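Chains: A, B and C, in written order; residue numbering restarts at 1 for each.
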Amino acid sequence: MDYAFATIRELRQALDDKEVSSVELAKFFLARIKKYNPELNAFITITEDEALAQAGDADQAIARGEVGLLTGIPYAAKDLFSTRGIATTAASRILENFLPVYDATTIAKLKEQRAVLLGKTNLDQFAHGSSTETSCYGPSKNPWDSARMPGGSSGGSTAAVAAGLAPFALATETGGSIRQPASLCGISGWKPTYGRTSRFGVIAMTSSTDSIGTVARSAHDLAITAEVLSGHDPKDATTGNVPVMDYSAQLSAGLKGFKIGVPKEYFVEGIEEDVEKRVREAIAVAKDLGAEIVDVDLPLTGFGSLVYAIVTPSEVSSNLSRYDGIRYGHVTAEAKDLFEIYTKSRREGFGDEAKRRIMTGTYALSAGYRDAYYLKAQKVRRLLVQEFEQVFKKVDILLCPSSPNVAIKLGSAADNPLFGYIADQLNIPGALAGLAALSVPCGFGRPKDGEAVELPVGLQIIGPQWGEQKVFQVGHAYQQATDWHKQKPAGFQN
Amino acid sequence: MNDLKYEPVIGLEIHVQLKTRSKMFCASANNPDEAAPNTNICEVCSGQPGSMPVANREAVKKSIMVGLALGCEIPEYSKFDRKNYFYPDLPKGYQISQYDQPLCGKGEVVLGGSKIRITRAHLEEDAGKLIHEGAGSLVDLNRAGVPLLEIVTEPDFRTPAEAKEFLQDLQNIVRYLGVSDADMEKGHLRCDANVSVRRAGEKVLPPYKVEIKNMNSFRAVEAGLDYEIKRQEEALKTGGELLNETRGWDEAKAVTVQQRIKEEAQDYRYFPEPDLPALHFEKGYIEELRRLLPELPAAKRTRFMYEFGLSKKDADVLIADKNLAGFFEQVVSEMQEWAEEEGRQDDIKKFAKLTNNWIVGDFQALLKTTNQDPQDTKITAENLAELIKMIDRGEVSGSAGKKILSVMFEKGGDPSNIAVDEGLGQVSDESEIAAVVEKIISENSSVVADYKSGKKQAIGFLVGKVMAETKGKANPQVVNKILQEKLG
Amino acid sequence: MSISRDEIKHIAKLARIELSDTELGKFQADLNKVLGYVEILKTVDTTGVAPLATVTGLENVFREDVAADSGLQKAIIDNAPVKSGRFIKVKKIL
């Protein structure tokens, strides 16, 4: 078996059949990371010692017959997840060398499973961005074309999985940060219903919207991770009490009788020609599998990014206040008073984008503006939620592109003024409404810049709140009928 | 210089530290007496990256109970908001508080003859402590995250004495509710005041107010307000203008001192706390909490005065300490039972008065020597009641009773047994005493003659002799009575 | 309607971030863009609509009043850049 590009299911089988041990798997992936990461820059921290120790424990557990869904399976975690005693940086200088004192709940759950942590992956600094270019450790590269970005903010996690450096990875999304990079890197990504998984221990961006999910090689794998990571967490008051289903059990129900909505607002001008072609082909596959395709309208879609442009920085400006150089992280060497301890430490530690969002948010919340800005945005948000509720009375799920474009060249975002804006249209409204969503690979296409390269295209599957089962079902059905998700980038074969 | 008459306009902003086992948003212990810094801390209250708050159910309940006790409306919906500002004792760079939907709305308290209106009461988390050392500060987060109830009154106080009395009443109310120890010296109860003055008789609020902080005891509150009012009156009388400012009370110098006039008002950028779902109280829940309210000090005072005939002064002493009042009631209830058995219901107010005297007098004096609570001593309510009955029946004298009380306090035990053991029993039997009286009369003929010739005070000498003969055991009232009968 | 230089400086102060003149200028432009967004949002009729605080619709989520020792005291203090015994130290206050 080619372990590098094996699914979690296949690895589980191999471990249980004693074909390979967890320690062997860990060493295997660690070797690949050592070989490919210097170019790819997917990992910020490689946790070799911990990985081998955890793998050893996993092997003993497997020998005792104590086997969970993810026992012995290696994984990577976006560097926003607090890992006790292991550097957690948010890709920012302000948390350089920071060692958390506790584990995030999702990390604790994976420890309970005895999964094996290979390392912490690169991201846009504090998750602010869609390309990993705002990371203080430099951008990650797209395994399909190292001159191009992997997407973001979870670009390190998606690049790692796409290049066969980890079978699955933890990621987060606030406005596309799982779906977009998964799409650009040609892998499957799950953006959970808000409150399905625990945010406790994950460095916060937009508290009312942040979603804690995973990226892997198939919808089935994502369903497995969902079974492990979903559930109410007493430490996170925003997690719901909706029961966690056996997501893998219902996967093969197929698409007969499924009503699939295609929102016209999600197929606007600016979407690359090949992207639209691939996605429409995928919709045709769904139809062939028995689903009924329905045109739907989401007229408030355009307002989503405006709401996001106000709500996100507002909450960010508050969530980033704790980074002040007093209890942890970077502190300035030159301050003449308390005021300067704050202003200089934060000047030195935060990247541009973080500063921009803090400034915007502080302004939007400041006296006299809060009602007109933040509260007004949250009112429009409620209308967006209601609009989705109405549409999901008519259809089971929505299909559309995950990203309007395939991966663009690193450093070219400035030349693409619409970069991010249309992408926002596709991902943000669903994120603001806290919906469940998946991105699955659906083919390849040429970029708008004309270069003769074939880059991954992603199909976005949006379900209602708590609609995990539905989106996994659709993703799995599609992946039974196609093999886009089995494609691998060249150059990472051994 | 004018000689207009001015009247003060005072409003209070009070913080009550709630006595819960754990902090407001995390499980770290809520222990105001913790001496070692940074002991009761965790990832949440120290503001570690990624940490999240979860609200303490008991703190919410306690807050509503206080609101109900102050006559506040409890709205159906409430929520938490973030109050954003930077200070080293505030780990997250924001305080979780309540902005526009507080737990408790408008209320009212009757104080003496006046009504003090409560504007609102809301729940928030406390900040840590800063200890200044040299040019810098030391941060201790033990207190960060402790639940605080902030109670704001309308500017209805017209004298510093009123403000102080209100604070003392509030302290007692929260103690009766069991929600806080409310010890000002320990910081469980903090008070800032907003003070202005206006021409006497004016109805409109003055166009300014001065905030006074750092008054750390009831005495300081009264003194601080007194000083500030005089200062403001002086200023107005000499043609000065008064502006909004914040001043600190300097206990040592007994003056208020201007703190920096803030160039701009603090902009807290309040917004609803996204990590905490809203609070929704069904009517049934609030009514249930209302039923759970214990009898509050004012009601208890009234009941003591009418049911037991205590004077307001006596009642005030008892109700000032919830435990003392409770002990009093236990003893009186024993006395009531006994009075009914003996058919002496009419004497209940007399017994209540006796009980009150013993508790407020000797009993409380003993309590002070060990700082115990009334319920924790070796003297049970039954035993104290028994002692009072014994004195009423003449089985021991009053002074013997004091001795028995001391012994009970030290070792416990039944008062009648102690009386026997210590030989404190009083003889009240008339025939026994008559025999001794006869003897003393026969041995002291000259004094008898003095008494018979008009020197009535000579009887004292004879009573003394009888007492000495009986080694102090004779009931002096009976001795007196028999002597008088025999001497004519 | 646009944001003044003074306003930007005030925001930077509130946010406790020291910014260069160039940065102030850059953010001034960014914030003016946000003003533009708000004007568009104003065109949406939200009469009678309550602001959305949480998409989950959850209410009354509490923890019971039980104290527990986190065991993290040393680790938390150790992370502080400047300390003094068990205290976290701030070198300057005003």
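We adopt the following convention: contacts are C-beta pairs under 8 Å (C-beta built on N, C-alpha and C of every residue); 3 or more make two chains touch, one makes a residue touch a chain.
Fair warning: this is a prediction, and the values are worked out from it, not measured in the lab.
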Review point. Which chains touch each other through the most C-beta pairs?
Key: A-C
**Study point:** Reference chain B; chain at largest CA-centroid distance
**Key:** A
Review point. Based on Cα centres, what is the most central chain?
Key: C
**Study point:** chain A and chain C, separation of their C-alpha mean positions in angstrom
**Key:** 23
**Study point:** Centre-of-Cα separation between chain C and chain B, whole angstrom
**Key:** 41
Check your understanding: In whole angstrom, what separates the CA-based centres of chain A and chain B?
Key -> 57
Practice item. Mark out which residues of chain A touch at least two other chains, giving numbers and ranges. Key: 98, 101-102, 208, 234, 237-238, 317, 321, 324, 326-328, 338, 342, 362, 366
Point to revise | Residue list for chain C, restricted to those that touch at least two other chains | key: 14, 16, 51, 53-54, 56, 58, 61, 63, 72, 76, 88, 90-93
**Study point:** Touching two or more other chains - residues of chain B
**Key:** 43, 46, 48, 54-55, 86, 88, 139, 267, 269, 274, 276-277
Exercise for review: Could you please specify the touching residues of chain C with respect to chain B in the complex?
Suggested key: 10, 14, 16, 51, 53-54, 56, 58-70, 72-73, 76-77, 84-93
Practice item. Please give the residue numbers of chain A that touch chain B in the complex, ascending. Key: 80-82, 88, 90, 95, 98, 100-102, 104, 199-204, 207-208, 234-238, 314-315, 317-318, 321-324, 326-328, 338, 342, 362, 365-367, 370, 374
**Study point:** Contacting residues of chain C [partner chain A, same complex]
**Key:** 3, 7-8, 11-12, 14-19, 23, 27, 30-31, 34, 37-38, 40-42, 44, 46, 49-56, 58, 61, 63, 72, 75-76, 79-82, 88, 90-94
Revision key, fill the gap. Note: in the complex, chain B contacts chain A through residues 43, 46-55, 82, 84, 86, 88, 91-94, 139, 265, 267, 269-271, 274-277
Review point. Once bound in the complex, which stretches of chain A touch chain C?
Key: 98-99, 101-102, 194-195, 208, 234, 237-238, 240, 300, 303, 306-307, 309-310, 313, 317, 321, 324-331, 335-344, 346-347, 350, 355-356, 358-360, 362-364, 366, 372-373, 375-383, 385, 432-434, 465
